[in-house]
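Every chain is named by a letter (A, B, C and D) in the order it is written, and numbering of its residues begins at 1.
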Amino acid sequence: MANFNFKIVAAAIVGVAISFTPSAAFAQTTAAVEITPDTPLEDVGRENTLVLGWSVSSPVGVTNPWAVPGYSSSEGNSLMWEGLMFYGIFTDQDIPWLAESIEYTSDDYTSLRIKLNPMAKWSDGVQVTSKDVVFTMEGQMNNDLLRFNKTFNTFVDSVIAVDDLTVDVNFKVPAPRFKFDVLTLKFDTGMPIVPAHGFDGIDNVNEYAGGVDLPHTGPYDLVAWNQNQKIYNLRESWWAIEAGLSEVPDVKRVVIANLGGTIGQNMDTVAQRLVNNEMDSALDMRQDLIASILEKNPNITTHSGSEAPYGYLDWWPNALWMNTEEGQFADVRVRRAVSLAINREQLNDILFDGAEIATIVPFPLFPGLQKFMDTDGVQALIAKYEPGKYDLDEVASLMSEAGYTKNGDDLWEMDGETVDSTINGFEGIHSDSVPILVEMLRRAGFDASTNFGTDAFQNMADGAPGLYMFGHGASLKDPFATLDFFNSRNAGTAGEPVGAYQFARYSNPEYDEILNAMSVIPSDDPAFEGLATQALEIYWRDQINVPVIQWVHRIAYNQTYWTNWPTAENVGVGVNGAFWHKTSPLVVTNLKAAQ
Amino acid sequence: MANLLELQNVSKVYSKGLIKPEQTTALQPFSLNMGEDDPTILTIAGESGSGKTTLAMLLLGFIKPTTGQIIYRGRDISTLRGAEKLEFRREVQAVFQDPFAVFNPFYTVDHLLTVPIKRFKLAKSKTEAQDKIDEALTAVGLRPEDVIGRFPHQLSGGQRQRINVARALLLKPRLLIADEPVSMVDASLRASILETLRNLQRDHGVSIIYITHDLTTAYHIANSIVVLYKGAVMEAGDVETVITSPSHPYTQLLIDSIPWPDLEQRWGKDKIFTRENDGAENGCPFYGRCAKASDSCKTLSPMFRIEKYQAASCYLYKDRPVVDLDKLSETLPV
Amino acid sequence: MTISTAPHKPQKTGWLFPFLRYLGRNKSLGIGLVILLILVAFTLFGQFFVDPKDAYPLSVPSKRPPSWEYPFGTDFYGRDLMAAMVVGMWQTAFIGVVAGGIGTFIGVVLGFVSAYFGGWVDASIRTVCQILTPIPVMLIQVVVAGSLDKRSVTIFTMALIVVMLAWMGPTLVIRSQVLTMKERQFVSVAKLSGVSDMGIIFKEILPNLLPFVAAAFVGQIFLAVFAAFYLAVLGLGPLREPLLGNIIWLAQSQGAFFNGWWWWPIIPSLGMILILGSLALINMGLDELSNPRIRRSE
Amino acid sequence: MISLILRRLGFLMLIIWSASTIIFFIPRLSSVNPVRERFAELSRLTGYAPDDLEKIVQSFNKQFGLDLPLWQQYIDYLGNVITLDFGYSLNRYPTTVVELIAQSLPWTIGLILFATILSFIIGNLLGAVAAWPRAPRWLRNTALPFVLLMGVPPVLVGVLLLFFVGFQLKFLPLGGAYSIGLLPEMSWSFALDLLRHQILPALSLVLGSIGGWVLTMRGMGITIQGEDYVNFAEHKGLSGHRIFFDYYLRNAMLPQVTAFGLALGTVVTSAIIVEGLFALPGVGTVLINAIRANDFPVIYGIVLFITISIAVIMTLLEFLYPLLDPRINNE
């Protein structure tokens, strides 16, 4: 018997040992990919450390903004990269940064001059020059994997370095929005400037991870990165301090704690960790969760203080998109019926505790856009089209008119087919709203269900039957950028997949003409408002998609260790408080230590 | 004379492994006839590993012989199908050694009796079936109310084995293979079980192949005997002759090992002999333990007829007439 | 299996009393059956007391704690959790029983075929099982569920997706049991009694394997409910349906505990524990029932 | 013995080949494109999407040969499997698959090994005791709560543990592999911190799975009790614990060890979801993301790794059988 036991134990040990062998081999590689400081980090104390919670999805070590598609600016990397200019959404002001100025040099918006800040320096001490700007822009033009490749090729004719600090950009066609859309960092858009000398000897810039070696201009340096967290240390030699753009920041270290999983998962744990003061801020929350957080920890506040909606408007208002060219939703009456089936008041009650977040337009109601909405022209359209109307009787008459009849399950049907109204969306960010929309649609007779599956985005791209819950990341100041999504340029080819924001596949020469006219004039041009109103009329008339809710960033700001968060009462430089946006350096460097 | 059972050169070799098979001979070519008209009790004796259980399995058709044929009433049993096979099943029955293992623990003991009645359609009605069962149980000395509805573990070993015998009784087979039927039964019950078996043969005309390692019970019950050792026939003949005057050294050893109830007789007086079994792979299987072995024993000896009803496979009797393998039955009285 | 197939003595006085008496002795079977009966009664009779429509969103005021009006409270989406439990329990049980039943059935059939007939049949079934077993089932389920048209993802297709690769476990377990069982002597005796191959499988061997079959069945139900649960977790289930897994997951996604809506996740969790707990107890009880030795010592 | 090992290895190769083939074709059922999915992820986090996503997608399809005929991709893939080179993750480009696995694997292996072995031992002992008539009554009943708990999927146990232990009692951390701001080092304080973070996830896996072992072990135990050799041993008057270990546990262990191999797959699945709940940066999170994004190379890499590990463990278990039951002979 003793012999028997011995054999078992021996065999078990061998088994475990063998199963460990591959992992041991892998463990060696681990050390190679994780970023570990050579010497132990000096202790800066919790009171000088900013802890931010995020589900880190970009692969360890990727800091190069041109590493596509691994790079993400939202996980702390925006603390390393700066642009020519920032934009403060709440003050509606440009904040010149690497550039001292960016001016259009022709009346028809066909050329533009950039003057760089002579103090701007890379982290390795090299000065930021026009060489870097030209390198960045030519990269965008020539490398078709980069984000602004199409924009550059549409608008930009040439980029010329006039001297070390001056760059001229010449356009093929008038480009009144180029400065704002491309050259200015705001929310999650805008082009960061990359170092020309940092890419010396790199064959494939898309394959280069960057790591800690890539020179950057931002205030923080990456010092450690593993699966659990990313750690950034303040670089005291940050050029903006010397240039007088910033004081020496209080935040000496930023830790991005990896919340694991996918975004929006296990948010109650995140909430509890905020309440426990483990973290100072984290990704945005659903309404009830943030309300509970405020209740449990009085030190935590939000953009709107302790009032609903506990946050600020993001630029991503959600609509139910659909394929307007093929399938059942090609009939405008069916699209209109979907809009009529949605009770926006009830959405406000259930999702937002009564705050008016449900919407009838595809763009966010930031000040400039709200002004547009308040014009008489738009108000007349609202009276005419009643885009927010909830009326099941009208649904019934429209659907009957379109040839549908109710079947035994009380669902609309034509030729034995119900209206496939599966809402494709994303778990986490949509799990509060989509089930409710599904139910509203079912009550109106649409065969609705929820798809949070892996194929949701693919379905949208493919134009599959059903509805797509997706936002519009575009307009901030005027409605052009959002309305331009429905330009037939973006309609794609029937049967081929399309990119994000092109799901409508809408095509209408009349509409294109209006948008093309808008594209060459700035929004303060007298003709602009009229054109925009015309476009909006077509949008509502044709019900290109069904706007549902604005997007609210409900971000918890924990004031236990850090104060001076940007809020409605304390707008500061005017940027929004999301630390995952490209304006995050301005948020972080303005925080003040509470202790 | 029609033969009830006829074994023609039946042998069984087990082989294991696909790539390099390792062969074990369980039974050397073996022939045997049993007449249809004269029911008899034939003992197959031998120690464990002698091939006697293999023989039983072969006779029951559970395994197929490697060579030779088993002919039952003129038909090779491996070719039986359908109704004929069912008929064979009914007519050739068995009583096994372990009186517990034969019962399905899921069912009450009745299962053992009711299933064959149903399958072989032995009764026309439930009452008739019940009567038959009661009758059979009574015949083996059991009170039906003591055992019916009980689970096997609720009965004693003796009761269980008597139910087995009752099952055989119920089926009235023509041939009964009794594989060590009393070896796991209390001594006090052995006699009555053996008696029942004998009654089967005498009164119901059932031929019995009684397989045992116990020569004393064989002596009591059987007419003739075949002694097997490692799959080969060592000695065969009239049970009286073989047991009172064994001729093969192996049989002698066996007889010598029987603990006779005679205080004067020394038990196991001869030392057990062992020798290197080299070169005797195809020889006499007893070569390694035989005190009288010679070099000629390295090939297997044919059967030599010693008496009318006694033959042994041993060169000690090489001056006697040789019995052909297929004539072995002639040495067995009925 | 019921007691009527295995009475101690042929009973002509009816089966109910001995059955109840037996349950008194076999406590796990008794308790398990009682819980299961209560659950079945709850979901069956519940249908008369609640409006099944209230199990879906927007039916009642949302986020109400338990009260006389809503005994189990209401959730964020405006479901009456009482109604949701009645409907959801039924659906969860349906998936469990259908998927568990089919999985066990396939497993038992293949296990028997494999072990009883041996040879190349056995070799091929065993090889397929051994090849499939190490592959994480979830991957295949996720991809299959993901490629389905969402309107065809119903409670029933959910069960089928779950069962797809759930049969290897029971197959291997039953196979090994049959292998040992078929060497037992009562099988030889049954052959001698003229019982056919099928008869031996179904009447002689199968009853003795009931504890294993029952254990496999419980195991399969566990796997089915579990798989249905994680498909829901990944957003691949019929999310609109008030399946217990769905309710719990939605509660979790809305931070129910943190927000103080404890009743929302707790009640379906209790339901889940009771369903599978009672099945587990019944399984233990079945072991006692089918093993005469234990029965004797009771 | 050598030929036996060779045969086993041959069979192992067969399993690996079949598994690789199935794993190759199954994700192809889905039309999801990994590169597009990465941009979907980026756009729903931040709203941003590149100007011309389709151009980028086409470019990657070409770079990674996704536009080649399926058979050609299959042959390339088999070549990669043999050399264990899975190249780049499409969704996390420019990171390689091996790097992704290497970062996450230690966390998962640690968790699974810890949890499985713990539940296997506890579950089988409790199950054996529950079926053993000589054990004191209270000891037999210890198994009961675990049997009831097996109704709860590990992720739910995790949720409940998080709430009751994490939120309410506040003595264990709520997530992460170790405390925020620490860096891994060889020190007792770090090891302790690490262990504290592993307790809740491991408990989530263990509590739910003990019941399964208890049940089957108990079933097995009861059946074995009916066997003659146990009766016989009892009649021989062998001491209780001798019977328990020699006859009872040892005989009942055989099917359990088989089940152990089978259970590994389930445990891996549970671990994958529990990891997400506790923000453990394990291979599960990577796999789920890869499945969601249809990131073929990562799915292949991880699933094959898991499959091969389980197959290897099962093969090893087969070598264990003869030790557990001398009647079984591998020859």
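The criterion applied here is as follows: a residue touches a chain if its C-beta (ideal position, glycine included) is under 8 Å from a C-beta of that chain, and two chains touch if they have at least 3 such contacts.
Keep in mind that this is a model prediction, so the values were computed, not measured.
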{"item": "Given subunit A and subunit C, the chains that contact each of them", "value": "D"}
{"item": "Interface with more contacting C-beta pairs, comparing B-C to A-D", "value": "A-D"}
{"item": "Most distant chain from subunit B by Cα centroid", "value": "A"}
{"item": "Chain whose Cα mean lies nearest the overall Cα mean", "value": "D"}
{"item": "Geometric centre distance via CA averages, subunit C-subunit B, whole Å", "value": "50"}
{"item": "Distance from subunit D to subunit B - Cα centre to Cα centre, in angstrom", "value": "55"}
{"item": "Distance between the centres, which are taken as Cα means, of subunit D and subunit A, whole angstrom", "value": "35"}
{"item": "Distance between the centres, which are taken as Cα means, of subunit D and subunit C, whole angstrom", "value": "23"}
{"item": "Junction residues of subunit D, two or more chains touched", "value": "30-32, 162, 167, 226, 288, 291-292, 308"}
{"item": "Junction residues of subunit C - those touching two or more other chains", "value": "142, 146-147, 234, 252, 257-258, 291-293"}
{"item": "Where subunit B touches two or more other chains, by residue", "value": "101, 105, 153"}
{"item": "Touching residues (chain side subunit A, partner subunit D) in the complex", "value": "1, 4, 7-8, 11-12, 14-16, 18-20, 22-23, 26-27, 29-30, 32-34, 36-37, 40-41, 46, 49, 51, 57-62, 67-70, 72-74, 144-151, 187-189, 206-209, 224, 226-229, 231, 255, 257-263, 265-266, 269, 272-273, 276, 278-279, 314-316, 426, 429, 454-455, 457-458, 461-462, 470-471, 473, 492, 496-501, 551, 580-581"}
{"item": "Contacting residues of subunit C [partner subunit B, same complex]", "value": "6-10, 184-186, 188-195, 199, 204, 207-208, 210, 290-293, 296"}
{"item": "Of all residues in subunit A, those that touch subunit C in their complex", "value": "264-268, 271-272, 286, 288-289, 291-292, 346, 350, 418, 420, 422, 427-428, 431-432, 435-436, 438-440, 442-443, 447-455, 466"}
{"item": "Residue ranges of subunit B in contact with subunit C within the complex", "value": "60, 62, 86, 89-90, 92-94, 96, 98, 101-108, 112, 115-116, 119-120, 148-154"}
{"item": "Residues of subunit D defined as touching subunit C within the complex", "value": "11, 14-15, 18-19, 22-23, 26-27, 29-32, 131, 133, 147-153, 155-156, 159-160, 162-163, 167, 211-212, 215-216, 218-219, 222-223, 225-226, 255, 258-259, 261-262, 264-266, 268-270, 272-273, 287-288, 291-292, 299, 303, 306-308, 310-311, 314"}
